[in-house]
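Given below, in the form of structure tokens, are the structures.
Common to both upcoming complexes is chain A, partnered first by chain B, then by chain C.
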Partner chain A sequence: MKKRTVNHIPALTWNALRVNGAVIEETPALHPEKTAGFGKLPEGVSCREISFAEALEWLAAAAPEEKPEAVVAGKVPIYHPQAFATGLGAEFDELLEEGGCRVELLEIEDNVRLTEPVHRNLDFEGEGNTFVTILHVGKNAEAVILLDETGRDAENAGAYISTKAVLEEGARLTLVKAQMLGKGRKCFDDTGASLLKDASFSFIRMDLGEGDVYAGVQAELVGKDASFDAKTAYIGRGTQTIDLGYNAVLRGPRTKAEMLFNGVLGGHASKTLRFTIDFRRGAKASLGEEKENLLVLGDDVGIKTMPIILCGEEDMEGHHGATIGQLDEEMLFYMASRGIDRKEAERLMVRARLDTVLRTVPEGGFRTGIAKYTERALEA
Partner chain B sequence: MTQIKDIDRSLYDFKDDESDFYRLQEGLTEETVRRISGEKHDPAWMLEHRLRSLELYNKIPVPDWGPSIDGLDMDHISSYVRANTDMKGTWEEVPEDIRNTFEKLGIPQAERRSLAGVGAQYDSELVYHNVREEVAQQGVVYTDMESALTGEYADMVREHFMKLVPPSDHKFAALHGAVWSGGSFVYVPKNVKVEIPLQSYFRLNAKGAGQFEHTLIIVDEGADLHFIEGCSAPKYNVANLHAGCVELYVSKGARLRYSTIENWSKNMYNLNTKRAVVEEDARMEWVSGSFGSHVSYLYPTTILKGDRSYCEFTGITFAGNGQNLDTGAKMIHIGKDTSSYINSKSVSKDGGISTYRSSIQIAKSAKGSKSTVDCASLMLDDISRSDTIPAMDIRTMDADVGHEAKIGRISDEAVFYLMSRGIDEAQARAMIVSGFADSVSKELPLEYAAEMNNLIRLEMENT
Partner chain C sequence: MSGPLLQVSDLSAGIEGAELLHHIDLTIREGETHVLMGPNGAGKSTLGNTLMGNPAYHVTGGRIFFGGEDITELGADKRAAMGMFMSFQNPLEIPGLSLESFIRNAIRISTGKPLKIFQFKKQLEAAMEILQMDASYVERDLNVGFSGGEKKKAEILQLLMLDPKLAILDETDSGLDVDAVRTVSRGIEEYQKERGGALLVITHSTRILDSLHVDRTHVLVKGRIAETGGAELVDEINRGGFERFTEE
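Coming up: the complex of A and B.
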């Protein structure tokens, strides 16, 4: 079995820390069989299947040009070459291609503003376990795409999801991914987006399932005034591995990226979070902000965090912050004085962290489903 | 339009004739290592250590994660250059040209004014070492490493030498283990407080040479020391190398402050390793100013081994034209209720690259530990780079870790405000940068803070 590295950081650090990328020794079998599609699509939206090679060719035309100054600190290779950059990276694309995956190209025509979200349940109970999609959001089009990833406990079962989005000028896309897979499933969920002028990409991710997860996002803010907003909540328990890699690459002037991670870790779970804001030369008057809040509830956890800022542009502002710790004793005392015991206080604080992200999910059955799943997870 | 010129280094950029110096042939072989060992009359264990280190050096790959060191070719570096003198105890005995060098750098003056002892290294060997009588009477040992290897403290040196930084740690630790020469040994006995600092100054005069000094400091229980390290070199058009090693042992209840103003010339590859182990209730303080070098890899590491041990790192890096400075700190929490604080600043200008790199590791045993990192970077133009690459690895729930970083440029409003009060733009920008560095300079003794501010002023001159 070929080892693969996913979630590379864009600037390497000490190898001994083992954070430069996630090395996957073994991946569960891929089943590229056809899965349930998007169903009936609204007017102005179409979906067709293309081969992986066609998809790469289609994406290459939409990918931003990599310039020589991409080499950070005079050392190569820093940026891992990929036809269209994603969080998990080129080796995940290779895996999908070798596995014979086909690609669905969902296109939203120019100026089409969908009033209702497009919802798709990625059900991993069926034969297929790969969902590879390209979203093409036309000029000034607007869409909300909801993907819930579900499947009961299953030993050594894989879930392979790849979503690449091309946002044309003025396009607005909200992409919500709610991962609620059962124990024993290993989820690989990759996202990449390229944003032209005035485009806006809002990405919401909730990792609530009980299996291992490797998820990555890369947003390329190419055009002037493009913006990327990522909100992620996760809960790790048991012996879960959660490995997240987010990169926001600010290339155009007055671009803006904000990333928030709210997490809870207990039991023997381990979490690695790599998040980068990368200001390229030319990203004048741009802003980047990244923040992590992690509540630790177990004493046998493993936490690795890398909040990176890379900067080749003078006229910008970048901030990052991370707070990692357990429940504050003073707060617990305050709660106790109001008759709330430690367990209940923990539950409240966990819910508060998850709710901050859940509240940003569009209202409706989809959100209610996630909320119910979350409640069940908290009960357990 | 603001134009920022390169630093005027005439203060540091002067060379002495080295025609009568002893110089080993360039390149690194077993023969080189044996000859250095012979020159220094090493005990047998040290020769063995050197040869083992050389083997490791040949096996360990060059780091794949930092700035490029492709321009460094060990086949063109002489590992040992000795001036035609031995170590002296008074400045009058030091040969005139070398004495003049240190006079220009202000070392004898500083010793008279405000230091408890000075060691001055010129190329591969110390040429001057002295400690004040009253400090020696307290039992403080401050001597050159070679004397320490065979003198009264030989066993202590052997017990500690390259135990904190083993040659297997990385390629340049192995190189250091093989060819080290010079440096100082300090021992501060129990409960002795050294009121004024000790200083070592390292000057690399030789072209195409390496300096590999070893500093070993042991601060015994309840003792207190401030040690200052300075360094400089004239600029050549070929690469020079500094791969020193600093090992600091801070015993129970002791305090050690280690301050460095690094001002190597811009042809220098500064691949230095510094590490401290801190015992129960002890305190380690690093103050670091990195101004020189072509390429730097510098991350002082602190192992907070004892319960309630504490470490503070305060540093500034100023990367100008042709410089790629990769600096930061590492903290390893092992004891309970340990605390660390990193306050790092960096400035990039004129095409310089500054990278802040750090790691915070909190072991499962380090219950009740706290760590805070605060780093800020200032970009002075749009042809420079500034990167922040921190890592945290936490293995217990009972820890509080905070990390804040910000990166930006000098605000137009601040410059405008100062200009509206009659200050010209260049001065205004220099003042803002000095203010930015204030948290570092205020941690230094007055004379050194003045030197650092002078370096900043030179860097900002003619803006």
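Coming up: the complex of A and C.
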């Protein structure tokens, strides 16, 4: 079995810290069988299936002129460049390609503004366990895509999800991924996006499931005034591993990237979070902000956090903030003075962290479903 | 007059090994309003926190009774469930938890009964009207981005909704402008006069007392009650300050 590294950071650090990337010794079997599609699509939206090789060609043609270059440490490339940059990176693409995955290309025509979200349940109970999608959002088009990843407890099962989005000028995309997989399901969820002038990408991710998670996002803000906003909530319990890698690459002038991570860790769970705001030369008057709030509910959790701000441009503004810790006594006393005991206070605080992100999910059955799953998870 | 609601006997307490309160005796009956005044550092907030059961403060002597029950060793949540409440000087911010959700959960948990949503909403609206709070307040995260005045209003809103038997108001008027004090006072007055709630008002200003009927006034100096009197003591302090009480 080939060892693969995902979620690379864009600039290497001391390897003994083991945060340069997540090394996956063994991946569960990949089943590329065809899975249920997007179903009936609204007018102005089409979907077709293509091979992985065709997808790479399509992406290479669609990708902005300035391709994401290989990341270099000293002068040694640490991974080969992808045709289209994603968070998990090239070795994950390789895995999908070698596994014979097919790709669904969902295209939203120019100027089409969808009034209703496009919802798709990624059900991992069936034969296939791969969902590889390219989303092409046309000029000034607008869409909300909701993906919920579900599957009961299983033994050493995999879930392989790849979503690459190309946002043309003025396009607006909200992509919501809610991961609610059962124990024993290892989730690999990769996202990449390229944004042209005035495009806006809002990414919401909720990791509520009970299996290990490796999730990565890379947003390339190529055009002027492009913006990327990522909100992520996760809850780690048992012996779960949660490994997240987010990169916002700001290339165009007046681009803007904001990333928020709200997490809760309990039991013996461990979390590694790498998040980078990368200001490239030319990203004048750009703004980047990254923030992490982590609530720790145990004494045996593993926490690795790697916040990075890279500056290749002087005219920029970058902010980083982090709050990591247990519930403080002052907060517990405030709650207690209202009759709320420690257990209920913890529950409310966990809920508050998740709700901050959940509230940004468009209202409707999808959000209600996530809220109910969250409630059950908290009851357990 | 009914029996004591709160009875404090020979109470000594402190924080991190330092004793800040010495041999305090205090009795509050149902529906009474007591004012606790004193110069900065006298131990007023320490007394409020000790009565409410803040674990950062340690009782080193004496007992506290509430409704005839010894609560000296009880946690703050149990005291709140019995009918005690404290309005904080610096209320905490809780991102992600709306003011309404917080109040709803507090009522549900402290009473142990399911909440009647329609009735709750009606009561909430009425309480907010008294405090001249915009309806959007309750949807906002608790105290996040609230001004000083808004935070204090949110505290009094909780007081009206939780409807305790005894409310300890710790410097509720500090940092508020005249209009905000008037609005907050309206809420406290509603609690005192319409609901018959008992109050221990900790303050070193007297503006908040203008609209309240005061039964007893206690002057705390260096952790000891230096003098107890009626409402006239408030007027005396207004005129002459604490000098008379701080003189050896």
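Definition applied: the second predicted complex is superposed on the first by the 364 of 380 C-alpha atoms of A that agree within 3 Å, B and C clash if a C-alpha of one lies under 4 Å from a C-alpha of the other, contacts with A are read in each partner's own complex, and residues count from 1 in each chain.
Throughout what follows, contacts are C-beta pairs under 8 Å (C-beta built on N, C-alpha and C of every residue); 3 or more make two chains touch, one makes a residue touch a chain.
Since the model is a prediction, treat every value here as computed from it, not as a measurement.
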With the two structures laid over each other on chain A, which partner does A:I340 touch: chain B (first), chain C (second), both, or neither? second
Just chain B (first), just chain C (second), both, or neither: which does A:K2 touch? neither
Name the contact category of A:R152: first (chain B only), second (chain C only), both, or neither. neither
If we overlay the two complexes on their shared chain A, which of chain B and chain C does A:G298 touch? Say first, second, both or neither. first
Tell me the contact category for A:T356 with respect to chain B and chain C: first, second, both or neither. second
In the superposed arrangement, does A:D315 touch chain B (first), chain C (second), both or neither? first
Using the touch definition from the top, say if A:R113 reaches chain B (first), chain C (second), both or neither. neither
Check the residue A:R376 against both partner chains and state whether it touches chain B (first), chain C (second), both, or neither. neither
Would you tell me the residues on chain A in contact with chain B in one complex that are also in contact with chain C in the other? none
Enumerate the contact residues on chain C facing chain A in the complex. 52-56, 75-77, 80-81, 84-86, 88, 91-92, 94-97, 102, 105-106, 109-111, 141, 158, 162
Contact residues on chain A for chain B in the complex? 9, 11-15, 17, 19-20, 72-75, 281, 296-326
Complex contacts: residues of chain B adjacent to chain A: 64-68, 324, 326, 353, 355, 357, 359, 364, 377, 379-382, 384-409
Would you tell me which residues of chain A are touching chain C in their complex? 262, 293, 329-331, 333-342, 344, 348-349, 351-356
